[in-house]
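Please read the structure below before turning to the comments.
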Amino acid sequence: MAVGETQVESGAEPATKETETGWRNTLRKIKQDTTARWGLYVITIVLAITAYTLIDGNLSRLTFGAVSDFTMAETLPIFEHPERLPPPGEAETNLPPAFHADGTMSHPLGTDPNGRDYFTRIVYGAQVSVSVGIAATFLGLLGGTIIGAVAGYYGGWVDDVLMRAIETVYAIPPLILIIVFTVFVSGGSPDVMYAIVGVGIAFIPVFARIIRSEVLSVREMDYIEAARAAGVKDRDIILRHVIPNSFAPVLVYATLQIGVTILIVAGISFLGFGAQPPTPDWGEMLNTSHGYMHSNVWLSIWPGLAIMITIMGFNLFGDGLQDALDPRINE
Amino acid sequence: MVRQSLQPTRRRVLASGAAVSAAAIAGCIGEDGGDGDGNGDDVADISEFQYDREEPDDGDRSDSLEFLQPAERDEDFDPVVSFDSYSMQVANLVFDGLYEWDDQLELEPKIADGMPEEEDDGETYIFEIQEGIEFHNGDEVTASDVAHSFTAPVEEETQNAATYGMIESAEAIDDYSLEVNLEFPYGPFTLSTMAVPVVPEEVRTEDREAFNTDPIGSGPFQFADFQAGEYVELERWDDYWDDPQPYVADIRFEAAPDDANRIAQVLAGDTDVIDTVPATEWDEVEGADGVRIHGSRSPSYMYLAFNCNEGETTDPDVRRAVGHSFSMREFVNEHLGPAADPLESPVPPITNESGNWDFPMDEWEGMMPEYDPDQAEQLLADAGVPDDWEPRIIAPEGGPREALAERIGSRLTEIGYGADVQGMSFATLVDTYNTGNVDDYEMYLLGWTGGPDPDVYYYNLFHESQEGVAQGHFYEGQGEFHDNILNARESADQEERRELYISVTEEILEYLPVLPAYTEHNTMAAREEVKDLHAHPSVSYNPRIVSDYQNTWIDE
Amino acid sequence: MGLLRYTTYRFAQAIPVLIGISILTFVLANLTPGDPVRLMLQGVEADQEMIEQIEAQYGLDRPLYERYLDYMAGLVQGDMGHSFHRNRSVSELIASRIGPTLLLVLSAYAFALATSIPLGIIAAKRRNEPFDHVSRIVALIGVSTPSFWIGIMLILIFAVQLGWLPSAGLVYPWWSPETYGHDGYVEHFVETIRHLLLPMIALGTLQMATLMRVERTQMIESLQGEYVKLARAYGVPERTILRKHAFQVAQLPIITIVGLNLSTALGGAVLTEFVFNINGLGRLFYDAIVQLDYQVIMGITMIIATMFVIGVIITDIAYAYIDPRVTYGEAE
């Protein structure tokens, strides 16, 4: 690993300068790569929307997944309130998109069965879908990093026990594990918060394995030996030296994994075990619109496209990142 | 043993819920449609049954029919044991009833020869049965088979025990007459209990387990093939005793619980008939080429119940305020459209009519709270409800009841309060809605499917003995409330019962432990080639296939 | 180590994992705030005595580890408990539902392998040509689209709109043609395939896309390898290079991916079976979750995890068998 080798020369102190150059180099390569650049564009847009809806949604009430009473969205002409229902008798339900003969420009993507603007709901759906994807991946990354680093650093029976535990979790397909976890822990009334924790647990194994194998190679480096000889505590060695220097491949993996997470959470919400209505979430919207599959197919098409484009963004970016970090394939 | 004796109550709640949740938005039709010109695109009038009677030109009797059920069967085909509507859909074609419900949910004799003789002020009934009726194995149907059919559910403590629990004894007088003694004059006996499917005592008691999955009855169809969890196939019994003889040669039952998939199958022509058309897809199915919707009113009753045991909703004014805060009628029209009608009392219209109750439905309609957010706000403020009140509303996940819960929640938000709406899987809901605990719920949305007798609704859903069992509102009642329900149940005098039910209903509408919501219709969607098919008001009688006023066939 | 010993070793290694899975599912199932007794009663008003009686009857009054040991003792004998909702034994239920799931997953794999390998090779060969770009975009869409959404769209287009293919269910080849009213085995076979096509594509697309991406990368890498360069220098024809030298080496990672991706395929089967109304394990799992039928949930989780573990072992052995370089000592 290129990053690791530079550390050898700089001794016990990790060479932040060298690492930075590595990062800058990576970024430069991403900028040159067309696919990665497109991925970056998509991710930036999606993240900007997510950030906006997150801030907006949590302005007056800090409840994850619930859009608050006040939203800035309503002050903009293109948005309506993502959750509130139209007054009795004024609802225009199940309108088709604007390009359809019966559609109107005021609802570019039509309206849902409750008469809410579908465009607003798709945009606000990013709040839950994307942030859940990121939060859950982060949780898996955190758990996986700790477990992988400890297992790899200590080796021996610690490694054996942790790795057997990891294999156990890994053996249960994520979708199944997350549903079982969500339903049992919530006592039968699932919600998106349980799903995040469930996804986090389900993805610990993949990250733990990568970190562990990286740690195994870093562990033998001279500067780690030196630190140990100098009496630095194990915990500090792991946190300050081992993890930072094993992180690059994990980051690539995490980017790709965000896409996988969004995909799985969409499946869980589609079955009704994730986000609950009226929260706008793409998977949940696909669940609700499944009941209108024949009468209004647009309700199923838009959330599906939103999921697809978002995940494509993360995949493109992850691919580019991988190419930039992996010298094996040359253009 | 414990489990056995517990089962009935649990299953009753479950089964009706399952039927209801599966029948999710079952529906029909409304006032338009049904001009009966037979071009197949329009929908029949829900209150009409005998439309488009057609006979095949060639008298072909080799048709096969596939029927898709909206939920999985429990695979209990012995009517003594069976407690789910979808196993009973199969069983009702294999067995004949002593009496059977007609297209308007009135009982007419089938195996019985005329109406029973009533003695001892409704504590004893004498039945005569027709001679020469044979089971599929060639044995004659005798009075002792009928007696066994009446008493077996209680003797064997099956899930149906509660339905026949008031029967003290049933004994054959001779081969073709029997006497049934009741413990007390049971009001609903002549309107519903006598519709018992008749099973062959000898074959059944020989091996009950085998009989349950390979039943023998005296009905127009006999069991041909069966794979648990997959399909049931029935074939016509050519020595059927009654007229008319069916045109359909065999019927295959399969289940497709996912609404979208079930509809895809009928739209694509992969199946002949599907049970239950959800309101969400109504227009699409109605407008589709080659598919026709059939519907009938049904004795289903959906309601919003309040926790009168704990919390803010113990105050009748708070309950009334919730009633004013949203528009039930608007919700039903918008969300359920032709698939349901709004209700003003716990008595669905078809129950009122088929039982000849003549209840003052118009008057009751006037007692329902109207949509009036200002008054709702005022009532809540006067009742001293805290500003941050967010009642927990629980409802079955997916479908119109969860949508209704969300609707109530969002209307409460508009007048400055809020709601914690929780859609639950049926298993969880059944575990939650009757605890009386304010942390579990302050309102719940559920349903009940009954029949032509109001007792089914009033006793199970309002009587104090059902607190924490079938009802979770724990309404204490003013004065005689609970006595009235019990007295109406244990009386055979219909005029007296009618008065008691009116007084009970008026109290319900005044104190609102429960807000009646709507009644869902029974619906089917069939390929146009399927002729002379009609939806029956009772879920378990569909597909009716053959009766005095229907003989389904397929126009190849 | 010989192949046989390696096989034995891998299976022996799986035992602690399987035990771990049983502990995990058991603990999860007993985390439920609504304990099993309440779930069993489901709304019945029960007094304390009744609850205790049921607890005693099912041994729920004993400590968790004792109950776990009981459960394990049952598992070893093939007894996975009892479905409270369906009143049947869990083993019996699973046995009746495992066939359709296996049929679905295996055909999805067949579809994925049959499409991804040729497409991946051609894309690698014609790198940066239009074919490569198109197939990369297809692969990208494939890994980015929810399988159930693909399923819904396939049903709407090919079953409802065009009417070409059936919209639901499977035809089981192991049942006789008469069960379905088919005339002979030819029609039976054709119907089996017709019913399989849409769910197979829905479930297999993700696998196809993943494998295609791996195949392309591997082929590009091995085409750049020293080995191939040498062959080229010696004037070996390009077709022979592709078929003999580059291809074989590139297939090894595919085998590993096939095994590991069984995890997503088995999970995806839950969604596919839901959308296509297939009576398999996934559908049973969904129903059991909705009904909180916890012994069924535990049983299916165990079976699916076991299927995954066995799948991985089989691919490991296949890898070892095909790759002469593997000395069977590697644990992972």
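As written, the chains take the letters A, B and C, and residue 1 is the first residue of each chain.
The rule is short, and it goes like this: a contact is a pair of C-beta atoms (placed from the backbone, for glycine too) under 8 Å apart; a residue touches a chain by one contact, two chains touch by 3 or more.
Which chain is which protein? Per UniProt: A, C = Peptide/nickel transport system permease protein; B = Peptide/nickel transport system substrate-binding protein.
Here the structure is a predicted model, which is why all the values come from computation and not from measurement.
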By mean Cα position, the chain sitting nearest the middle: C
Between A-C and B-C, the pair with more C-beta contacts: A-C
Distance between chain centroids, defined by C-alpha means - chain A, chain B (Å): 46
Where chain B and chain C are represented by their mean Cα positions, the distance between them in whole Å: 40
Intercentroid distance (Cα basis), chain C paired with chain A, Å: 24
Chain B, residues touching no fewer than two other chains: 258, 260, 264, 267, 425, 427-428, 431
For chain C, residues that touch 2 or more chains besides their own: 34, 152, 156, 160, 274, 289, 292
For chain A, residues that touch 2 or more chains besides their own: 187-188, 290, 293-294
Residues of chain C defined as touching chain B within the complex: 34, 38-46, 50, 53-54, 57, 85-87, 96-97, 152, 155-156, 159-160, 163, 166-169, 179, 181, 274-277, 279, 287, 289-293
Chain A contact footprint on chain B (complex, rising order): 258-260, 263-264, 267, 278, 280-285, 326-327, 330, 334-335, 371, 397-399, 402-403, 406-407, 410-411, 413-414, 421-425, 427-428, 431
Contact footprint of chain C on chain A as seen in their complex: 164-165, 167-177, 179-181, 183-185, 187-188, 259, 263-264, 266-267, 270-271, 273, 286, 290, 293-294, 297, 300, 304, 307-309, 311-312, 315-316, 328-330
Parts of chain A lying in touch with chain B, wherever the complex brings them together: 69, 83-85, 88-89, 91, 93, 113-114, 187-189, 272, 276-278, 287, 290-295
Residues of chain B that touch chain C when the two form their complex: 2-3, 6, 9-10, 13-14, 64, 72, 74, 225, 227-230, 254, 256-258, 260-262, 264-265, 267-270, 425-428, 430-431, 433-434, 467-469
